[in-house]
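Next up: some structures, all given as structure tokens.
The two complexes that follow have chain A in common; it is paired with chain B in the first and with chain C in the second.
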Partner chain A sequence: MMLDQLKETIKTALPELDFVMGWTTGYDPLHATPLYMYEPDDVDQLIWGPLNVHNLAVHLPALRHKKVGIVVKGCDSRSVVELLQENLIDRENVVIFGAPCNGVVDMTKIRKAVPDAHFARSVETADNSLTITTDKDTHTLSLAEVMADKCTRCRFPNAVEADHFVGEKRIPAVETDPYADLESFESQGFAERRDFWMAEMDRCIRCYACRNACPLCVCRDHCVAQSREPHWVSQRDGVRDKFMFQVIHAIHMAGRCTECGECERACPMDIPVLLLKRKLGNVIHDLFDYDAGLDAEARPPLLAFKLEEDSIKEKDW
Partner chain B sequence: MAKYLKNDDLGQWLAELGTEYKIHAPVQEGRSIAFRPLTQDKILRIDRHATIGPKEILFPACEELMHFSYEKDTDNPGREKIRVQPADNAVPTLIFGSRPCDARGFDVFDGAFTQCAVKDNYYAARREQAVVVSIACTRTENTCFCNWVGGSPDGTNGSDVLLTPIQDGFVVQPVTEKGETLLQKGSLLTGAAPDQVREAEQLRAAACASLPEAPDFKCMPEQLYNLFDNMDFWEKQSAKCISCGACTYLCPTCHCFNITDERNGNEGERLRSWDNCMSRQFTQEASGHNPRPEKAYRLKNRVGHKFCYFPDLHEGHIACVGCGRCIKSCPVSLDIRQVVTSAKECHLPAEETDNE
Partner chain C sequence: MPVLNGRELRIVGFLCNWCSYGGADTAGVARFDQPTDLRIIRVPCSGRIDPLFIAKAFMNGADGVLVSGCHPRDCHYSEGNYYARRRLEVFKQFITVLGIEPERFEYTWVSASEGQRWQEVVTKFTDQVHALGPMAPIPEVALSKLAQTEGTDLRTAITEEA
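What follows is the complex of A and B.
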């Protein structure tokens, strides 16, 4: 079995490492939680499957002084590559364990399909389905129905960079990102789009979970949103102030964001902030023909200076 | 005396009370449930725990403490005069549909804001004018542990009235004098029949019994002081934490804040806004030194404040009401129950305990 093989591979590598990060079952059968494997015994708790929603790459920059292993899904591996590109981690200090990914669930979709999800007593996952038994009844959901949107358009289900890859490589869902979600959103008028964001951002509590969950939000502790000296951003909690922060985050991510979706997943108020990043990802793609987190040697377009961009012919204007 | 309110009459009852109070209740908002001023267009959601509790009604996420303006001192052109206008925003408020854990959170706020050496007038004025109508829980979530920290699914601390949902309505019980007075208003409450009261009691007892057995946390303050310098313990406990602070903002007992002056030209406001101990800036000192440089120190503080320092200052009251929001909404599902239990069970090396 793939999971057993993965565990063996980790156990073999563990003596050379401070620890390896993976996932295990969390506070209830529906929620996985990050697992730190320090000893071979810890490895036995490792799980692999659609509940492993977290992108563990977020922890890597702070662990630079350690030698650590990380288990990645395909999308997570892109964050690792992006961190390498930006020199925020050292290749020789990270050991990457990859396996083919069949997609992860979106808890928001699960809560919609099963409003009683917080009373789950047991969960069984099969290849294409998920069976949740609560204190009252049992629900079988097809994985397709509750899968995270990013997985329905996944181009890289196999780690793009790995020291150890276990299992048979999976065929990607699509070759190019269809950006259909964005297109449909943008087909609305300006007023509708503005009203949508004002209504969604209104319930933002300015907790910055979206920022801290983002593996590439590197200023984190020195963020403009909280800096006191200078005091860049107002502490008011009007919807414009909250939206302002999202715009700052999105702009800072342009060309770096791999659209891993952690910002949106982490938001306790379920605000669909990934859409903003998708917009910028789309622009960067069109402008620079560039996708973040694929090539450790590449330089993100907005971190580089070129006298003349290939796709922006200023002199021809 | 217990009263009874038909499900169908709930809207009308609230509408009647609405003439006297500003009513805040849990409503569906996008994909979340939050407490908002109740208006016709809102969908009331009292069937489950709100994503975020009612704390911001009494302790706003951001509030103006005062308005200030500068003007030239005509007698002394080298100087400026400052005019200060303190804000007073308290109005009669009815908090409807909180859970017993949420309401107990106000008890913790009272301890911090009204019963300490310095009284917080802003909070006190709002608290004074608020009536809290809670709904007993008849079904407990996987993250609920109110019984571990001194509460229960039908607890009444912090509430003025307790509703228990039964078959076709609610059994309505006053808890405080404020609650008694409230129940004299409105035309829709009738006396509850004995079998309705019995039904409510049975439902509440079943909810209490459905929670996992409560560990004894009396030893926690001492145990947490003992673990204070054990950074290995705190590093492991906090390893997966991303230091985001969502747990504190959603917590019905967390009450830390920041104060900033926001000046635009000659006018400005002094704002108080939520802050949290999980953020690095919280303890950043002007010198550049930070006594809580990493997340391990910060998680230690959050857990320590709730289970050690606060109980130490407030007659043993734990500053956690077991609502489970910090578990449920934590992006990494960090479980405070597990941290506290590990702390309780952590045996210190013999030589360290001998050193006292």
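What follows is the complex of A and C.
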């Protein structure tokens, strides 16, 4: 069994480490929560499966002075690589435990499929389905039905970098990202697109969960959303400031975002903010043939230039 | 008299101190006719321009934004405009997803001696923005909320409350 193997690997490595981060069952069987494993006993609580939604890499920069282990899905591993590339963490202080990922669930989709999901008594996860037993009923959902959108276009189900990889590598869902979601959004007119964002941003409660869950939002106390000098966004709750914040967040992710989707997952209002980052990812990919978080040694495209750019046409006027 | 008197739009221009600002000055000294929609902000280098300056300009009601710096290989700081070129190109393609027409934003290179070229650039860009017309403002408050308060004079409501 892969999970047992993973637990054994962590237990073997644990004496050399301060602790290892993973997931365990949270306040109800449907919600996982981060688990910090200090002792071999803690490791027994570890779970692995479609409920491991969090990207634990977000904690790494703050733990730089510690020697920590981290359990990663494929997408999480890209965040780790990106943090390494930006020199925000030290490779010798991080031990990466990888395992093949079959996709994680989207809680919003589950809530839609199972209205009484908040009263889940037990959850059984199988390879391609999960069975939720609530007070009233038992629902069996196929994983494909409730999987996060990012998993349907996953190119890296296996960690791109790992010190310990457990289990058999999975075949990616797609070879190249077709950006179909972006294409269908951009088939609308410009006015419709703007109206869409205005309506979405109106729901935003400015909780900044999108920022706090993002493993690459690393300005911390210097976030422009809270700085007074310069005063980039005001404290008002109008759509303009909220929209501006999302533009700031997206632009600061340009060439760095690995599209792990934590911003969107953490959003309590289900605002599709990942779309903005997907657009930037697509642009960067087309212009510079570059994907973030694949190679810790690569040079990020916006920190470099070519005298003659291959894909940027000079203006005729 | 400006050609477009009374029909001006708000266009913000970020010009590099060393080339394009000089180029615009040259055009002025040579008395070349130019549209007057452009408000110029002088920056030390096109590499100084954070794409967020442009985003902020659009948020605050600009109908178009023009960035102009030194020609590649001519940068006063050797390589500022090379970094700018990548950033600005990425940003130009990015704004389509926000619902902003990419033609509302251009970046270009004009040297201090190119008064004629500056005239051409500013005229063409202004025409391009005029062809799109004014941009629908990004509201401070959501339109749905505005509709709810419509008819109430907020100021009187507040004073009456007090």
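We take it that the second predicted complex is superposed on the first by the 304 of 317 C-alpha atoms of A that agree within 3 Å, B and C clash if a C-alpha of one lies under 4 Å from a C-alpha of the other, contacts with A are read in each partner's own complex, and residues count from 1 in each chain.
Please note the rule applied: a residue touches a chain if its C-beta (ideal position, glycine included) is under 8 Å from a C-beta of that chain, and two chains touch if they have at least 3 such contacts.
Bear in mind that the values here come from a model prediction, so they are computed numbers and not experimental data.
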**OP:** Figure out whether A:179 sits in contact with chain B (first) or chain C (second), or with both, or with neither.
**Re:** neither
Original post:
Should A:254 be classified as contacting the first partner (chain B), the second (chain C), both, or neither?
Top reply: second
**OP:** Answer with first, second, both or neither: which of chain B and chain C does A:135 touch in the superposed model?
**Re:** first
Original post:
When the two structures are overlaid on chain A, which partner does A:236 contact: first (chain B), second (chain C), both, or neither?
Top reply: both
Original post:
Looking at the overlay, what does A:206 touch: chain B (first), chain C (second), both, or neither?
Top reply: first
**OP:** Look at A:198 in the shared chain and tell me whether it touches chain B only, chain C only, both, or neither; answer first, second, both or neither.
**Re:** second
Original post:
For chain A, which residues belong to both interfaces, chain B and chain C?
Top reply: 199, 202, 236
Original post:
Which part of chain B faces chain A closely enough to touch in the complex?
Top reply: 29-32, 34, 48-49, 51-52, 60-62, 139, 141-143, 210, 236, 239-240, 242-246, 248-250, 258, 260, 262, 271, 273-274, 276, 279-281, 284, 294, 327-329, 331-335, 337-338
Subject >> Partner chain C, residues of chain A touching it in the complex >> reply: 182, 185-186, 190-199, 201-202, 232, 236, 238-240, 243-244, 247-248, 250-251, 254-255, 275-276, 279-280, 283-284, 286-288, 301-307, 309, 312, 314-315, 317
Original post:
Which of the residues in chain C end up touching chain A in this complex?
Top reply: 51-52, 55-56, 59, 72-73, 79, 82-83, 85-87, 89-91, 93-94, 96-101, 106-109, 120-121, 124, 136, 138-145
**OP:** Note which residues of chain A are touching chain B in the complex, please.
**Re:** 26-28, 31-34, 36, 54, 58-59, 62, 108, 112, 115, 118-120, 135, 199-200, 202-203, 205-209, 211-213, 220-221, 226-228, 231, 234-237, 262, 265-266, 268-271
